[in-house]
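Shared chain: subunit A. Partners: subunit B in the first complex, subunit C in the second.
Now for the complex of A and B:
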């Protein structure tokens, strides 16, 4: 075999590196050349990128759609809000918080780690219960989870300030911080996909029965991905509130669930590349319609689309993708660099192609 | 064939079980009896044929023997130990492997990844699983197709990948569910040779469900015949070929012709 481990590694690592560079280049272009508003847009897009990549760790590899991950984002975001928001305000408004949170203000890193770990811990407990269900039943249960989280956080006034906002969170997240975490999330997602757990999980997606005959415990591998994806989505949540400076329960509900799932579906559910492409494609699409909604001056006239057409257009866009390209813009394949094709196939091209042709 | 694939790996216990047996097994779905009171046993290094018309309960019996179906009555014994309550994964960990009638490959994974899954399922890391999977593919003459996505494979290759998946780390028992279905004669002979090589190479017992009589008669040491969920005959290929009950109840006119062909072939 001439296909050494080193070459295999290179073949796997180079496309990932290309994607990291691509995301970095887009961020740098917008952050350095664009105006302040564009910097905000790209920061938000990067936070969403983290969330969507986190979603793809579970959904892409397991084939089980989760509607509940924004619930994990909510849990992590509130944890970060509790950790970082002004203690004076907390003592006044969040009287039910434990003392260690109420009276202190923790640094950024602690908030990110604490929020993500809390989300992962909740995912471990909740996942252990629902992942025994078959695919579609598990999906419905995740939706119920989202509703439960929303309900609890809307009504637990002494800890979450109910439906009103938690304010006074230091806004320390800009495009570069968001970029750093987004790159980390992408690397983590690729690592998991290629790991033994990722491989087993993809096998359960393709054929659950055969995967059991191969000795794979479906619940165990699904649970591993569920916890990791909740962790990544949780990081997105902690960054989001430290980007906006406020936390409100309704930020983490149906609208965000819809747009992040739309990003994943439009890009291609089965690949990390798809998650990345989906986020940028939908962001550009939405920004374009937002621009049209705000009105385009044409001589004396100002042409503007009615408000809400952005959402409708996104819905139509997603429907079209589902009809004509069900595997998304990327076809759910990972990025492949030209010239880096499989060396093994290159070794015996005549044999495989003629044989395949003869048989088909 | 190339050298014998590795059958041991650190951290993975080799099954010591000398037999796999169904003891008075019945499976009922509601009022329907899929199999009734069937007793059969597999031994290491022997090939047992399981034949019978469609709907005789052959696959149901294999499902029982691999943990995919719980018997309504009776028990499955592995090395004399009762397996009640074992999951299908546990059967594989304990050395009982199977293939499926429909292939059931992981279609979006490559050929070598399909085989690797068993390795990772048994607890190996990917690097080691990959190495052993390549050995197995080489043994089956498929090393050149390792990087092809399984969903695009031709039919006959699909079967071989299924067998490679099941052979990972040399199981104690291998249950093949119609591996030759839809194959042409030449491909069938090639497959027969592989099936014949498996017990010697892997010191494992094989159960073969197959409709192709030439293959069954040419490979099996012993044959068990089911009809409508009941055992109607057991014996060596020669005995089964002369068994009037089998000929009448199962094979019919068409079967007799096939049997004559098979005899001529010996």
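Now for the complex of A and C:
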């Protein structure tokens, strides 16, 4: 009996563990063997991994595309910037900040938690309003949200320093910190996907009519995912500014929205594995084209692609994926380990378990 | 148990139901037959809260359903099996089955209910961990019926269960519905296009055509099928709706 429970758990947990190990191995390989620049690249990739995994919690399970999540990243990132940046600078430049933020400098953990909770709280209010809309209308509303956040943060000079940067944020995030949070985000995403709410949400994605007939409240399950995904994306935002040391509004706008969505689509929207694969695939792809842009010596002459080629190539790559593999590189399936198989007869022991329980 | 009065529904300018009245008593098997486009699906969808009525009343145990959300109506104990085998394609058979119990958060009986239903639909047990999207049409129909029953409804409404299925599978499905009714004391409201099978399956029949009830009566009184055929094909259209006295 416990054997069944154990096997069930293993079947669910082992692929997740394999993915965690994979991400850890890639990080370790690059961080230990690569140069400083490669360590920065892998750190940024891991921060993006957190963001894309966060996106997939909502988009992957609900089937509703959100263009607004980078807005949550922005909100959390600025909260972290307010908390950690040098108080002298804050008093000089951010005169509109409340005293508790302006006068003090908070540690890393407080910044991460505060930023993520703020993003989740905004998602709760905003989501409650827009998630009643049907899929495509909700998507457009999330895009409007991104524009609103961008405008507010660009123009609220006394709090955000407008379009100029907030500087002097301690750069405490390296590859290992980013890795730890990325692993946490992956675990959280898998947990949600398999949870009661995750299942109900995926049911609404597959068939809204039948899910309501089964008693599922679409708004409620969507909202739960929206808040959790904003929370995870928010963590990504707080790490990002503590990785770069600066915060600028335009870091969190269309370009990042495009690249994170491209990662999700290329990897496969419907699975956490897809989000992870997408981040690494796109990062390698972009780095390769960046390398070509910087020029390759060929005998006497240096061949270089014109600047901007990487964005164009990424756009073409995404279009090709959508045409030939619409469910992404992973086919939107989760990693499956050979040997554990999805045995068809697994029901038999499950039934004997409950029968035994009923008899006792 | 269920009382529908003067129910009217329209989509844009098109009238789907123009003042329909039906009633279903506890433990009855009632059937609505009618040709394509008669409004049968709309009737069930309106009861389940899927489409808002233009006017009329729908009462379940005396409680007004008009204006309630679909998911709350489902929680009152009304389960709709929509037309066209709406499985959750990417979820496994197991997950499909348990969705309803997650939503109502009444999971005390979930395991024993599942076992009981799998006794009726052994094919589902063989496909327990497969995505529902990969099942055959008949298996999907069995799955949606089993899923609807997992929430322990008192009234089960099934919209054209025979659509696109082999007659043998349809027989199995109807036999199972009747067996489940006997075992659980269910009340059944079923839509079909063909009336032959319904004469065996149900106690009462309503014939719906162009959004109106043209005939209704006890199955026992309609066995020759003549009256149904006339109503079904609209021979009586210019007269007042015919009603069998026995049903009143």
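Everything below uses one rule, namely that the second predicted complex is superposed on the first by the 340 of 360 C-alpha atoms of A that agree within 3 Å, B and C clash if a C-alpha of one lies under 4 Å from a C-alpha of the other, contacts with A are read in each partner's own complex, and residues count from 1 in each chain.
Methods note: a residue touches a chain if its C-beta (ideal position, glycine included) is under 8 Å from a C-beta of that chain, and two chains touch if they have at least 3 such contacts.
Predicted model, so just to flag it, every value in this text is computed and none were measured.
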First (subunit B), second (subunit C), both or neither touched by A:209: both
Touched partner set for A:270, first subunit B, second subunit C, both or neither: both
Which superposed partner A:199 touches (first subunit B, second subunit C, both, neither): both
Touching partner for A:217 - first (subunit B), second (subunit C), both, neither: both
Which of subunit B and subunit C A:5 touches, first, second, both or neither: first
Touching both subunit C and subunit B, counted on subunit A across the two superposed complexes: 196, 199-200, 202-203, 205-207, 209-217, 270, 342, 344, 347, 351
Complex contacts: residues of subunit C adjacent to subunit A: 48-50, 69-71, 74-75, 79-82, 86-91, 94-96, 98-100, 102-104, 111-112, 115, 118, 125-130, 144, 147-148, 151
Parts of subunit A lying in touch with subunit C, wherever the complex brings them together: 196, 199-200, 202-203, 205-207, 209-218, 270, 342-344, 346-347, 351, 354-355, 357-358
Residue ranges of subunit A in contact with subunit B within the complex: 1, 5, 194-197, 199-200, 202-203, 205-207, 209-217, 270, 342, 344-345, 347-348, 351-352, 356, 359-360
Subunit A-facing residues of subunit B, complex: 66, 68, 87-89, 92-93, 97-98, 100, 104-109, 113-114, 116-118, 120-122, 124-127, 129, 134, 144-148, 152, 154-156, 165-166, 168
